[in-house]
């Protein structure tokens, strides 16, 4: 816990320094655009220093998950990032279908039949509702979907 | 009672089959708009605005208004079931609503949200009916120094939202304030914390932040401990117990008061108002420790405040032509397309129209209650869908919701980043609610402070020359002190 | 499209008339056109955008959808369009706040003012100088006299720094010989909050656009002293023109037009320009514009661009003089 506090405290001090630099850099009045960054610099400095106080060290410990859980979280987030990354080039419907399918297979022991049926239902329904009915300008890929 | 006569005439109009039908369509669409994360009331109304070129004014405005207040009913649903606040105003609802759902009490949470929405929305309409013009005039007297006082008062909530460690709660709030400053400053035209990128220029949108901090974080936490899923909770009773309802009567009345009076002020943000109502409830409660652990009042208060705010927003809209929210701005342009210029003259020149709309809102609120209570069972059953199916759905809706804010992928990226931040914050024991509150309040604080100073040639003395401002600032400081003292007292 | 479906079905329901006046257009537009508005729904740019979008959709039978991309005072939306493919399916509402006025205020805008294809000017939104309804000042002369006599207590509102009011108010104050640096400039985030503060008596003077001011003037919360327009405005017969009020040199105006990415094919530009020109002569369109407090003022592609260049020339020295150029 001690270490986490030191890291967070240092981070806050860094943000305080950043706010101060920004306040000094801006071309405006101290009663204008510079005011809030300056105030924040002071606040961050105080809170950062507060993290080094011994009282905080006694607070509850962070419950970091074990390795398999950590891997699962990383995997799901990685798939999500990948989905957003390929969405513009692949198109909404294909990318969404892939995304849903991968997660369904990974998160539960669905058979391929069930997973594919669910994927088709979710991807098609969201395509129709959001892109078609609500007219959201979601990207279309090479397939035009 | 001249007003009552007008209102009765309004009801006669509002209850004609055509107008009833459009109120119903609006209520249903509004509920949908509230439930679907990809679309809020503003875009919902904007999408249907072209209908105004075909419909006569009364049915069209009845429908558009119903979408607006209907969305407030729908917004709580996802907040309670899956921890995704559909609207900024529903952020507070997640605190206790989602906890109730995890305890298998999604039914009562959804039901109390609908009931409280109905009670407060309707009481708010009573205020609109009888006092609109004088209230609107009074609201005009609230200027930048008073808004500053109001923000100070609202910031006192941060202390009581802070959880175990005050330093950690305040740190989260400071982080929120920092994020609020990112982007182009509309008052001076300078760019702050944008680091030369054009993506950061537009600032950080709070819908993206909320989706990241709440929805994505929650999915990551659930994936981590696969047994955590709500889906395993038994489907308990659907309706709140009688004693719970009785306990919530006071809550609803207080929420109405807070929501209605703060909602009259066009410069205050609805999101902040529900935080204040929640905090008030926690303060008057004899058992404040139940809050954030699934207290039913913690759902009734913000939902009531939301809907009272919604009703109150029509006061400056009708009486002055001032829209308090973006959604009302779209509604205003709808009125103007019909050549109906809101303002005191609207009540004099078009009494039949105004009173028909107001009467239809009473009708619409009843419809929404009748519509939403039976839906409670259906929604609550959603909790039984396996989490492996819910998780991809929630993530998909998160992406769509973040995208829809500005039709922009950089907001989606932002939501993902905030998902990670939220996960780390939960793990390290930092509460996320103060971050959201500060994100909402900081622009209001900064504007009010800078405007006040420039009104008085840079002299901070302006705050002491305005009695309402002094009172509000004093109350804010007193509340902060009270919270700090009660933190020290043994639990 | 749910919205098309709804429009059609509800029109049939309520009026008993079906729409579908579709003239088959083999070439452009063959699919929905996105008209990007860099501001939230309900604002001046949005209202003008929806007017012309509705007209075009009806005329061509292909939907022209208004897409709101608010952020960074309109810059986010402008950037999106200027970087889009120049195929005519991504266009923008070009307004003073992302064109002439923005370039007068900022030296480092992330795009170039001429990095676009100007299509047509659609609407003008004239400036109205206003005071609180019960203000003792009855004319612009009164305001000037009071501000000169006591500049330190004179407070005026601006709805955003790159907005119309920055220029309209300072042009008036400098022109009248008021010591501007000594006065109190209170900047708000938009026209609506600025005028709300004026109605509440928290500031003394404003110069916002017609569409923003009309409601509060009609509601007798604020009073118009002069309008910057060749003629008096419909619905405001008591508000004199700036010339009548004795200030003929005032000429700041808000405007909304159409623009697209650079290198937009000439045929598409012409097609849109012709549509706007036709709309500007359509009585029904004019009436709709009047209801949302806009003056229809068609200018073709070249005239529109020239107009913007003139605007910039006018505003640049003003922005430098009042010290808001960054």
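Read from first to last, the chains carry the letters A, B and C; within each, the first residue is number 1.
By definition in this document, a residue touches a chain if its C-beta (ideal position, glycine included) is under 8 Å from a C-beta of that chain, and two chains touch if they have at least 3 such contacts.
All of these numbers come straight from a predicted model, not from anything done at the bench.
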item	value
Selected pair, greater C-beta contact count between A-C and A-B	A-B
Most widely separated chain from subunit B, with each centre as the mean of CA atoms	C
Euclidean distance of C-alpha centroids - subunit B vs subunit C, Å	30
For subunit A paired with subunit B, centre-to-centre distance based on mean C-alpha positions, whole Å	23
Distance from subunit C to subunit A - Cα centre to Cα centre, in angstrom	37
Subunit A, residues touching no fewer than two other chains	27-28, 134-135, 137
Residues of subunit C engaged with two or more neighbouring chains	2-3, 67, 326
Residues of subunit B whose C-beta touches two or more other chains	47, 187-188, 190, 407, 450, 454
Contact footprint of subunit B on subunit C as seen in their complex	2-3, 6-7, 10-11, 14-15, 19, 40-43, 46-47, 50, 54, 66-73, 75-76, 79-80, 105-106, 110, 152-153, 155, 160-162, 184-190, 192-193, 196-197, 199-203, 214-216, 218-221, 288, 291-293, 324, 326
Residues of subunit C that touch subunit A when the two form their complex	1-3, 32, 34, 65, 67, 326
Complex contact set, residues of subunit B against subunit A	36, 38-39, 47, 164-165, 167-168, 170-171, 174-175, 177-178, 181, 185, 187-188, 190, 192-193, 216, 219-220, 223-226, 386-389, 391-393, 395-396, 399-400, 403-404, 407, 409, 412-413, 416, 419-420, 423, 427-430, 442, 445-446, 449-450, 453-454, 458
Subunit A - residues contacting subunit B, complex	4, 8, 12, 15, 18-19, 22, 26-29, 31-33, 35-37, 40, 43-44, 47, 50-51, 53, 56, 59-60, 62-65, 69-70, 72-73, 76-77, 80-81, 83-84, 87-88, 96, 99-100, 103-104, 107-108, 110, 118, 122, 126, 129-130, 134-138
Of all residues in subunit B, those that touch subunit C in their complex	18, 42-43, 45-51, 53-56, 59, 140-144, 183-184, 186-190, 198, 201-203, 205, 266-267, 319-323, 326, 328-333, 336-339, 341-345, 406-408, 447, 450-451, 454-457
